[in-house]
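What follows is subunit A paired twice: with subunit B in the first complex and subunit C in the second.
Coming up: the complex of A and B.
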């Protein structure tokens, strides 16, 4: 069944210099137990989508569109009801684990406080926290639980925040850039922890990342974002084997194993979105229509769609 | 940690010696003769010139004819080897220790009373303003803090006397001895630091509430109350602690003007009257005590970080 259905999601931020269109007409849906990857370069609006779902955007954000979760509309949900979902039904693995951990609280209590809030005794909560540390490979858990976040490495902090996200049996886990700033080894470990989570029953994972390697290994579906909109969406295998959008093709060529071919140019400013195709300036096969007409996301089949006037041109 | 403690203690001793030397020599650099000033403050009826005979008598009694550095070294060796601060030139040879211990009690009581007001009023109001950012109540409190920062404390003290003593007749004008006496000086002293603490707590709290760990705490599904008490307040108060330490040190140093207005027999009053009379051992000793208290309070604050913030460990 459909767990999450996002339709025409628009998020913009009014600023002194103009309106930042962080996310434009984003639509996708997720079945339960699936892993959907939102991939794209920095500033493509990936994180904003995750924050919009769990409703943690800054108060000045302007949101339109619908986000249906288990048939419940999240954008208009009362604050109390939304609060009841957070951490219990929808969890977050935050971007920047270092900043997301309270420096004055012991690692064990960063997890344990969730259980204490649910009415457990301090001892039970502490024991459960230690179990979760073991589950993400933070061993010896009793020593690490007593330490403070600054005593952990970046990779360990990442695993700690991940363990917080799986503290309760959530249906949906939003993992925001879980491998950002990690070295190869820590990245491998994080990938393994996330793939463990994936194998558990009925957990859907919304993986927000610019790490295509991670996305390829974990995701069932991939949505490629460019300048705040989805330019291509489809099953992971199809995206990686037969990418159709020139941007997706360029991203895949830029992966180390495919020769590390960089893509020239920069994505357009989110304050001044071009009239035609956003990618036209950087595209090797653009024609006249590309700078005049904005392409629609054409759903060719159940297997996703592509937002391009000349799909599969390369 | 032991090394750190020893280092800090050594620093404390050196600072005290330096401060006492500075006080001692500067008093001698002030124009006018010590013996003459002492005579004017001890012998009733001297209006015009103090006779050479009287001056010579006083000078020889207190070794004022010795070179300054000899006088200072004598005083310092008395302090270091006998724990003796010397005796007063003015108060009929009373030991300085007695004078200071009499003045220190009132000063400490007043400092603690003011500090309690600063903490009990300043911190909760600052928190309240942060949580109610830019609402009318926040604007009113912030407006009040601007007013109380802008007015000098001696003027506020006089206004308090005017309103609460003279007009409403609720509290005594001045004096020392009953609990009612402490209210007005404590409030007058607390107003300025309370206003500053409110503003700092508010700013620090707003900054903390914008941190990622607060956002993540919301994502964890924790209640607002839990987040406030267990995460926001603790983190927000760390920078405030330093400020509170400085204010407490200032209050312990005695507050000359407020003690004067309310006839409070504290160390500020003792210091100012002793400067007037050139009572050099008393002035120097007051300064030593004030410096020591200030340093000890700040040392305690620094040490408390060790227990509050796990990132800070002294080696």
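Coming up: the complex of A and C.
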């Protein structure tokens, strides 16, 4: 059944210099136990979507559209009802693990306080925290539990924040750049932990990343974002093997293993979105219509589509 | 064959609690790239910083232009500085946040050539355009730039001094895949144009395979040298997840 359904989500931020359109007309849906990857470059609006779902956007954000979670509309949900969902039913693995952990609290208690909040004794909470550390591969767990966040490497801190996110049996985990800046081993471990959670607990995962390797390895579905909008969405295999949008094609060609072909130019400012296709001035197959008319996302199946006047042109 | 630009012999570094690395020896030929590969915490960054003499090695030799950097006097080291430069991993802290990009990119020439800002900017102008920045960027502060733009600015700053060797410490690990491709290609092009040698530090085997002629794989403080094809073979046996069969 459909767990999460986002429809026509628009997020904008009024600033002194103008309105930043961070996310425009984003629609997608996720079934239970599925992994959807939101990929795209920095500033493409990926994190904003995740934060809109879990309602952690700054108060000046203007949000329109609907976000239905298990049939419940999240955008209009009362704060206390949202509070009951957040961290319990919908969890977030934040982007910056170092900034998300309390530097004065031992690693074990970073997780343990969740269980204490639930009414468990300190000892039981500590033991459960150690079990979770083992689950994410932080071994020996009893030693690591007694240490502080600064004694862990970046990869270990990332796994610690992941273990906090899985402490409650959530239905949906939003993982925001879980592998940013990690080395290969740490990436591999993080990927394994995330894929274990998915298979073991039938949790849905919204993976926000610019790490295409991770996306290819973990995702069932992928949505490619460019300048705040989805330009292509479809099954992961299809996106990687037969990408149709010129931007998706360029992203995949830019991967070192695919030849490191650079894509010239920059994405447009989110304060001055072009009238036509946002990708037109970087696209090798643009024509007159591209700079005049904004392409719609042409739905080819329930969750697949491409926003381009000339799909599959390369 | 021209002599190597950099030659390390038996380089070691230890802190109080033990060796970071020991007995590291390799050389970098003119116009070549040698990679330093290893996990987080393997000591590859410390090795790069020792080559730059930002840190002092415990023992061993760092030969560059006939001089041992490990034992050189400070004044002499300063004279040599323009010829070896470093790019750091985090673009957001690479530049002084209180200086405009123009001031930052002109600074090395002003310091080393003792010229004014206007002259420095005139001299560096072609290089700024070469790395893909425009004049409008020069008035901005680092926080108003993307990571890719900062790394381009750092490259123009470094190459204004016409270095013989650049130590690049994971210059693209914080960048998106498309921007990473732009920056790495730019580094390759600059190498072809200027004949600079790179010591390229990364934990990404795919990036290593594209950028490096030889790779020093650092594990538990020891380094083993592989040429590019041997490195790719070795990576395939070690990393199953990300290297497709």
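One rule holds in what follows: the second predicted complex is superposed on the first by the 311 of 314 C-alpha atoms of A that agree within 3 Å, B and C clash if a C-alpha of one lies under 4 Å from a C-alpha of the other, contacts with A are read in each partner's own complex, and residues count from 1 in each chain.
Going forward, a contact is a pair of C-beta atoms (placed from the backbone, for glycine too) under 8 Å apart; a residue touches a chain by one contact, two chains touch by 3 or more.
The model shown is predicted, which means the values in this text are computed figures rather than measured ones.
Visitor: If we overlay the two complexes on their shared chain A, which of subunit B and subunit C does A:187 touch? Say first, second, both or neither.
Guide: second
Visitor: Figure out whether A:210 sits in contact with subunit B (first) or subunit C (second), or with both, or with neither.
Guide: After superposing on A, A:210 lies in contact with subunit C but is clear of subunit B.
Visitor: Between subunit B (first) and subunit C (second), which does A:124 come into contact with in this model arrangement: first, second, both, or neither?
Guide: Neither partner.
Visitor: Given the touch rule stated above, what does A:261 touch, subunit B (first), subunit C (second), both, or neither?
Guide: Second partner only, subunit C.
Visitor: Would you check which partner chain A:43 touches, where first means subunit B only, second means subunit C only, and both and neither mean what they say?
Guide: Once the two structures are laid over each other on A, A:43 reaches subunit C alone.
Visitor: Would you sort A:100 into first (subunit B), second (subunit C), both or neither based on which partner it touches?
Guide: The first partner, subunit B, only.
Visitor: Looking at the overlay, what does A:153 touch: subunit B (first), subunit C (second), both, or neither?
Guide: second
Visitor: For A:284, is the partner it touches subunit B (first), subunit C (second), both, or none of the two (neither)?
Guide: neither
Visitor: Considering only the defined contacts, which subunit B positions touch subunit A in the complex?
Guide: 211-213, 215-223, 226, 230-231, 234-235, 308-311
Visitor: Could you pull out which subunit A residues touch subunit C in their complex?
Guide: 41-43, 153-155, 180-188, 191, 210-213, 217, 250-251, 254-257, 260-264, 266
Visitor: Which subunit C residues qualify as touching subunit A in the complex?
Guide: 39-41, 146-147, 173-174, 176-182, 184-185, 203-207, 209-210, 239, 241-244
Visitor: Under the stated contact criterion, what part of subunit A meets subunit B in this complex?
Guide: Result: residues 54, 56, 83-88, 91-92, 94, 96, 99-105, 113-114, 117, 148, 150, 161, 164, 167-168 of subunit A touch subunit B.
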